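The data blocks that follow each hold one structure.
Paired with subunit B in one complex and with subunit C in the other, subunit A is shared by the two complexes that follow.
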Partner chain A sequence: MRTRKLHHTYDTENDNQIEELELEIGTFLDEYDVEYPTEEEIMLTIHAIRPHVPVKENKWNTAIKGMASIIKQAYEEMFYVSPLFWTANGLLFLIALTGVFVMDGNPYTMMMVLAPIPTITGLIEVLKSRNSGMAELEMSFKYSFQELILSKMLVVGGFNLVINLLVTISFGMLNQEILVSKLLLYWMTPFTVFTALSLLFVGRYRGIYSITGGVVLWLTSSVFLSQTTVVERIESMPAEIYLLVIAAAALTVLFQAIHIYKRGVSFETNH
Partner chain B sequence: MPEDQQLVKEILDGSQAAMEVLTRKYYKAIFAYVYRKVGNRETAYDLTQEIFIKVFQRIQSYSNKGKFSSWLYSIAVNHCRDYWRSSDFKQISKQAALNEAFVCEQNNVPYIFERKEVREQVKTAVDSLPDFQREVVILKYFHHFKIKEIADVTDSNVSTVKSRLHQGLGKLAKLLKRGVEDENQKTTPYI
Partner chain C sequence: MKLTIKQVTKTFKEKKALDAIDLELTTGVYGILGANGSGKTTLMRILASVMKPTSGQVLLDGQDIMAMSHEYRNLIGYLPQHVGLYKNFTAEKFLKYIAALKGLPKEETDEKVDEVLELVGLSEARRKKVGEFSGGMKRRVGIAQALLNDPKILIVDEPTAGLDPKERIRFRNLLSKISSNRIVVLSTHIVSDIEFIAKEVLILKEGQLIKKETPQRLLKGIEDKVWTLVIDENEIPRYQSQYKVGNIARVDDRFQLRILSDDQPDHDAIQDHPNLEDLYLYYFDEEETA
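Coming up: the complex of A and B.
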């Protein structure tokens, strides 16, 4: 308490002395004026600063450029996808048709079970490229690993979309009793969910674990879907829930794709 | 006039006009600080330009939390300190010392009293202060900063600033009063 009081006294004393000194020499200090630069000199400084003003990138232009680059790369990737992928997924189309029309299976369950297959087989395509020359492309710094993955996922996703639409149209055309809107919901839900999960996987793991994870998940879901009670429960769910799941999965796909793309850019600049 | 924060926002959006407004707003104040700190017009002009370039290069790191002027002054203070330690300063000060010695030798009387100008006396007295004392005296007296603001800008604490200010002003008072006495002695006719 006493120390504090002493300190306070010293402080006030010091402040007073500073004030007195300022008053004492203030008239002298006021004489110290400044020879300011001329208007031309100030303008020269302003011109020298100009290149250092941050340039704001147009986000839309950057996004469009990025998208265009990925689509172009995806088009090129189509020619590198192994024929086995196309054949296996073509067979899926036939299996679905046979299952419904020959074996009289439930078309909705069939769609739900088969919808994620192209994505899972696509994952094999995406990840195997690590051992087949994609590393060289990556090393060339023209495309980052993430950009290549994204363009391959675009090929796989696009193909999945086409094949599922084909199956839906075929079901709709061959069987008038099938509700196309219901069918769309039934394949779009597993398709978007599996695509979102695949993107989450490939963004984090570069290995075979993603495929194993995808296959395990698909098998588990299939086992569940083969049980009548589960199918009944799924069928009794309102369409809004399906739409909600689709929206959530689609958003995850979008954010994950942006994340992978951005990480790709920073990967290039930081390595 | 738009607020500094608003101008910073526009600069971050790439506005050259906002940069010009902000530069003009603070140019003279920063120049005055640097000029009184280094005591040379040409060097002050170059350093002021470098300070503003640094400010716009780092504008993204300005967090908008504190006053923009404080952030700007802290860059100016540090830039002048860096200059003080640099080889450029050592070279220029050596040259200045040589020139001064030459003038003194020629006239055989101290330069500041020869000129008979109070401004020059003050300038020489301020220049003779140690670096840390000079910067607090300039900020307090010429830029009307509060003690706390000086402490923030110079990255020190309030008691250190007070101590430096007290010592600096004390030295200035002695130097300036002695200068006046010398002047009076010289002007008083011998009886």
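Coming up: the complex of A and C.
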């Protein structure tokens, strides 16, 4: 039905003209007849253009390369960290041992209080370039500024981790009554939380005094944390809560590190 | 090697620091002249890839430098206008640290550090702490770090600030020597720094590139505009208010004025050969250059 109706509306003269035109174009195009290439020619063309096809980025490879670069740079950074940082924070090891075995302090509270201090004070090292007016220069180097920040954080955090593990092992070896698993939970919680906060902080940092302020604030709060009633309350908390906090903080560390790496730390955010 | 600056604009809030700059740089020394706030430092930062343009692109042989990322940074040496340095490091330790950040192979580092220390004349002071250095010595450490990776593109912002005349000549000769196979971009207030070594002079004014010529052609453009005139002291203010007056030198008990003017300022005024200082004064008001 529909076809018939359409035929009625067509102008037959126009149809003839179109047919003639098509024929004319067909004849004209025949002069430019292109032979279909052989299979061999097709393959040769594919081989020739293959090197120019952009390689699809392998995200895992890129991430591994980025990590390797940060670890390599962290190794270099270790030799340029101020000796004061190593010695002052190394002393924490002695303070913890003295506090527990000489002054009969609570090993768990002691660990909780001392655990994040190397990371907080280490921020001075991490932000050294900005405080020394070196940030602009460092942004122009092969290792990107964000890689430098992360590699310095790796040195500081890694050192903090080693110190805490050493103290934990020493406590466990010197006093059989101390529960190593509980000790681990007690220091890992503030350590991961402060590492996460530090990473959040380095992206927004404005003044060195805030680091000093952070240390003072934490030490002041630790006086409050050391009070018997507070200690009892902390000790009564189930391990699951600690684990949950540690997991949340660890995830924040991971996401913030990725964020810093991807976003970069531009000149504008540092001046 | 070609560095192309394509329609680069940089805006800070309401202020346009750079306004649609178009440039092409090939090997040789380019001197950027401009008054304070003309956009020199912003352009240098964009070229050093530490600052992103608001719009436009910088291309190295057709590739966007921001996309090239570390590949580009590997090719450049940069000396910012203000650089603090790590004061507790010795010059040698500082340069070794920078070499590590620039990704120089360890086995090449010692030799390269020796070489750049020698180039900037700091071999003797290599074990001294940077914090104990004079302003000029610190600047030389800055220059040394920029040369560490044998950069194909050297970007130096006011490199001779704080250097004494002897050090400036030494630096100028050094730039001249190393510029044969690399692009050197140098911004300065001190016109004599670039007068004899610049392949081209770029004049920036209020964020716009107003001239890009060889020094000779730029000078030719003002060859009939420089006059000297000897007058009495009490006449100086009148000329200063009517003309752009450059050098004022005492000649016995009178004063010789160097005047920039399209017309002869006085029938006693004698035309003189222009130099780049005259050119600078011609394009920038005295208060801008101060």
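In this text, the second predicted complex is superposed on the first by the 190 of 271 C-alpha atoms of A that agree within 3 Å, B and C clash if a C-alpha of one lies under 4 Å from a C-alpha of the other, contacts with A are read in each partner's own complex, and residues count from 1 in each chain.
Here is the rule we go by: a residue touches a chain if its C-beta (ideal position, glycine included) is under 8 Å from a C-beta of that chain, and two chains touch if they have at least 3 such contacts.
These figures come from a predicted structure and were not determined experimentally.
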Practice task
State whether A:E31 touches subunit B only (first), subunit C only (second), both chains, or neither.
Solution key: first
Handout entry: Contacts of A:P54 with subunit B and subunit C, given as first, second, both or neither
Key = first
Exercise for the section: In the overlay, work out which of subunit B or subunit C sits against more residues of subunit A. Expected result: B
Problem - Touching partner for A:S82 - first (subunit B), second (subunit C), both, neither - result: second
Practice task
Once the structures are superposed on A, label A:M103 by its partner contacts, choosing first (subunit B), second (subunit C), both or neither.
Solution key: neither
Exercise for the section: Please work out whether A:L21 is in contact with subunit B alone, subunit C alone, both, or neither, and reply first, second, both or neither. Expected result: first
Problem - Intersection of the subunit A residues that touch subunit B with those that touch subunit C - result: none
Handout entry: In the complex, subunit A residues that touch subunit B
Key = 11, 14-15, 17-18, 21-22, 24-26, 28-29, 31-37, 41-42, 44-46, 48-50, 52-56
Fill in the blank from the handout: The residues of subunit B that touch subunit A in their complex are 11-16, 19-20, 23-24, 27-28, 31-32, 35-36, 41, 45, 48-49, 52-53, 56-57, 59-60, 118-119, 121-123, 125-126, 140-142, 159, 162-163, 165-166, 169-170, 172-173, 176
Handout entry: subunit C-facing residues of subunit A, complex
Key = 73, 76, 80, 82, 128, 132-134, 136-144, 148, 266-268
Fill in the blank from the handout: Listed in rising order, subunit C residues that touch subunit A in their complex are 45, 48-52, 69-70, 73-74, 76, 78-80, 82-89, 93, 97-98, 100-103, 145, 149
